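In the two complexes that follow, chain A is the common piece, with chain B as its partner first and chain C second.
For the complex of A and B:
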């Protein structure tokens, strides 16, 4: 436990951890979920949806700024008291467990369907989750370095969909705005793609340079929003919203249609690079799970990494059927998102009041 | 702890993973072409002949055609596997052939399978055949190793003439079916003295084949529906083929939509081309004469296009030009004006502009 507190990350690593904690399975499935209601204007809703990460990161910054950059557990204790802090931590632990296991089961689904259908399912989940435990057990500092390096390598992943610019059809995205109601009503659907930004609360106190931290959340939110918006836009531009809403992973469909003379199926190259991103997001989520668990039970961080592993495995196996997973997430994610939004705003306000009272 | 996890990982990775239950290449057959026919006598059963490569050892590769007969697409596998001595893999196919009878019966099941089954190859070529697809697979390939390669080659390079669009693939089939305001239009292949030949285009209504349009009319329909394809146009004078103009042109199309009691489409076609033959002028071509040639072609093509548009609106009665999508882009994807009735009533204006980029090296 004490080891984690000694861990320090730079501002740049903070930005990259935020990006890697959010951008994951959403790269493949975000256009699908957003186009269900918003149709060809889905990319606009996607961009407006970035108010969610912006609010969370800014509220996190405000809370810490008001109370001095103390530990998240102590911060909650000072605002809410001991009992509520435990509830909040259990809530975050469950939330991140849901995120991590949904990403892991989605990753498993893509792998088993698309490339490694000859591997036994239990093997994929076990090996991947053990790799995650192994990575997360190194602590926050290694996570920051990993996020930064892997982002540089895998950022070319976001360039592949650009090839559709030449092949798409402008009639697919016109008329740009058909109805404002549809755009507004599908903004909450974009929040799931941005879920994971809650990690900001946990890692912000460990950033070294506290003076320039203010715009870090803003930068990472905008980068994430740009990645998602451009992907959604290009997907609609190439496939049309009708086909986008019919396929679970429309971006993979695009990758399959890339013709390169030497490579018979470009999808496999894409999944290989994308796996790096998935391992990164899982490691970030797992860090929070283990961190909250160790704080709740006073078990050292490294041991809690192993202890929480069965829970995550259990959730993952429960979420593996794609249709069941979608139903479960559709019924839980909106509530989680609103609770987190409410919590962060209230925390920011209460921390301000606390400071004013203290004066 | 770290060491324990590492040891568990290493043991798991080395012992529990691997290509179990995988077959060596001698026991596999590689699918290269899939066909769909309707059984002649009987209850509309699907006959699904596939062309595949089989490996016999010593580097010997042979092609084999094996049909399966059943009621649904995947039940044909049940039937085929009872006679096949190899395991076969989907995903390497290069060509889908659909017989005319089966297309008239409907291809909804195939369209759903193509979206649902992620192992299918989205960049395989697809076309409609006259008669049984098995007949086409069992032809003798001349310049290829298999008929699937031969026919997919024909489709791949069809855009070099007749203004055929560049993509005749499965993904384009899915786009045409799903996108608002579009319909499936595929090339039609016939048997020409034992060789496959493109003889026209097939226009679908939903998932059912509606019309087959011969190549002479399809030439001008293609000119409107495709982008940046090539075609050769000639004007013959006095019924003497020796006295003619010929240009090779690339088409650039821009469609504007208006609504005033009925839909008004304005189709601007720009043909950028080279002069290939000119046996009418006997002197060197000046700027004025070049303009004159351009104007002659503009008049000729406009006349032909108007004739084609009239025929499509009155005879075929459905949008073969792929222009309803522009109305959908302008008026919204759920507009009530995207029906076939509105298309028949619509006023379609064509503005053709021919630009001769190059007059050739001849001085004359």
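For the complex of A and C:
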């Protein structure tokens, strides 16, 4: 009795997992952070920032192509040796734990403010994180299917802000280029919005059709960039960059202004629908955490999902205070992003050298 | 293997020992050509007596003139020259003889030969083919399956006049030896899916008894504790034929007026057979209504509870005023009020299900209108709660498949409890978990949530919407297991 291939994903699912791993709670606050420096040209910086996901996904593709689509652990072992592989895995595990915890704590803050104000914080975090553990425990194939379906069903959410076209003001986005210096200095900030794309390294070897995988990273990076750029543009167009920089969740603020006759507060409906996306991104991050832990300790994947849960919970509780989280992330994410960028480029080069030397 | 002996009395005693105290076993003794002793054994009420008299006893008594003791194979000689029955076989052993006799066959034992003749004279009493009471269709064939597997097979064969049609017979249950059959179209069904079905059916062969398709369903499905039905049950031959052409297999068992269809995917349970006979736009509208109704059944009462208890800001002030005013003086908290109503509805539904139609209707009217009205007037339930709960009940009747409707109705309760415990977050998590469960389920190797997850664009043409028939009358790609399919 044969069954469908376990833990294999299609090219399309690979694209959607990448999108899922990036587009999350950060999108609600991305216009705020990017407009701090770039002002009304924040959307341009946001688009240029897609260099980061493009580089990461292309380097991942090159590295695997050179070494024959072996799994991530073996790839690192062949390039860096056993000791450094363990260090790299610990780094990625911690990185994804930080991402997951920041998303979960951000989600908690939105929930506790808007729809779950009557619940104790520990209960919200526990219930949501257990749901994530349950989701991730089904493995990569399940994540692929989930990312695919949630993307299609939630894509209409990206269309909601379009209503601002009618209400916005063109003077808010003029002059289109505030200054080249400001735009360029904001690009690193936009890199942080694209954090999460690192999952590409972990899932690429599991894609079934390797021949057509080359452009998959490009497609996903462009889709992510278009989502982020359009939302940033519409936010600036509707609110103006000054107001955008003063509201922590400007996209949520826009949703609040949508008027539908039978719904008094559309923001709650948006959170209700947006939650699917958040749970999906958390599941993607959690998959990497459990996967790296499983490879490091040789504990089966499902058990790793449970073992790593308290670890993520602890990080999340630490990150719940909004200010503390921002300080922590401001001091860590830039380093993480640059380290990952550096790692990707070096890995791609070293993999090529390995091939050339015939090792 | 129990071989037949040349002594006819030994053979008779053996057969009687297999069926002790069987008052229905008839042993008719005759002398062929006034010389050779012969016994005709059959189970009364399962055979056509006239046929036995006319085509077996009469020729044996009146026409045989030869001396059988001088003939090499007397049983074969008689079968070939004197018996005018349509189906007869020579047997040399008594294995399964009880089962054969209980199938309505007639055994002819001849003295001084170790062979016997088994003739098909079955005339098992059965219900006539009638119109379905459960799966009513506005357009399409009216006939439905009966308890006799042969008639059911004939109904299918009559509709599929194709040389690809295959019927594989098997016996299920070591004690009741129920006749069963797998029906499929060779070359249309995926071989891996077919192998999986056969493997699972073979696995349950050794169970003591299997009485109906419900038993088989639970024994061969992948997720026995799952919420959702993983095989389709139907009593309409039309539906079976339609599914066979889509690359599925049907399982029939004697005694059950239903066919099991495997594999089945989630969306199929929301599709009606007459959807394909209606105008395209009408059927699209009907399908959208069904989808909406399923969402309503699942989410309406939990969201209503959230509005009442936690997130009233979601509803405009004018509407929330109406809802709150209607609840003035209601002693029960919202959760208990809704739960009580839901349970009352389930009681009425379950109570009315097995009652004769006129009494069932009366129960529905008395329960639904009189008690509902009385409960509202007595101040036990608010009118808005009554409206919400009754809307979900009506919506649940739109789901064409009874098992699926029951599953979704059941899921209201955990959703309601989650909404009570965690508010809107509970509803979000509950719905999300349902999606997770759906995308991780398989039915005989086919993803249960196909063609949505994994997504198959071409198969989306026949899901919540329906494209013209010439675009969808083909085997769905989702029903094929191939290398690399996720």
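In this text, the second predicted complex is superposed on the first by the 352 of 359 C-alpha atoms of A that agree within 3 Å, B and C clash if a C-alpha of one lies under 4 Å from a C-alpha of the other, contacts with A are read in each partner's own complex, and residues count from 1 in each chain.
The rule is simple: contacts are C-beta pairs under 8 Å (C-beta built on N, C-alpha and C of every residue); 3 or more make two chains touch, one makes a residue touch a chain.
Please read these numbers as outputs of a predicted model, since none were measured by experiment.
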Touching partner for A:268 - first (chain B), second (chain C), both, neither: second
Contacts of A:308 with chain B and chain C, given as first, second, both or neither: neither
Touched partner set for A:344, first chain B, second chain C, both or neither: neither
Partner chain(s) touched by A:45 [first = chain B, second = chain C, both, neither]: neither
First (chain B), second (chain C), both or neither touched by A:134: both
Touched partner set for A:174, first chain B, second chain C, both or neither: first
Partner chain(s) touched by A:256 [first = chain B, second = chain C, both, neither]: first
First (chain B), second (chain C), both or neither touched by A:119: both
Shared chain A contacts, counted only where both chain B and chain C touch the same residue: 118-119, 123, 127, 131, 134, 138, 264-265
Touch list for chain C against partner chain A, complex: 192, 195-196, 199, 310-311, 313-317, 319, 422-425, 427-429, 432-433, 435-436, 439-440, 442, 445, 447, 449, 452-455, 481, 483-486
Contact set on chain A toward chain B in their complex: 39-40, 113-114, 118-120, 123, 126-127, 130-131, 133-134, 137-138, 169-172, 174-175, 178, 239-243, 246-247, 252-253, 256-257, 259, 264-265, 302-303, 305-306
Chain B to chain A touching residues, read off their complex: 1-2, 5-6, 8-9, 12-13, 16-17, 19-22, 91-92, 115, 118, 122-123, 169, 171, 174-175, 178-181, 325-326, 328-334
Touching residues on chain A, where the partner in the complex is chain C: 1-5, 8-10, 12-13, 111, 115-116, 118-119, 123-124, 127-128, 131, 134-135, 138, 141-142, 144-146, 148-150, 152, 208-209, 261-265, 268-269, 272, 275-276, 279
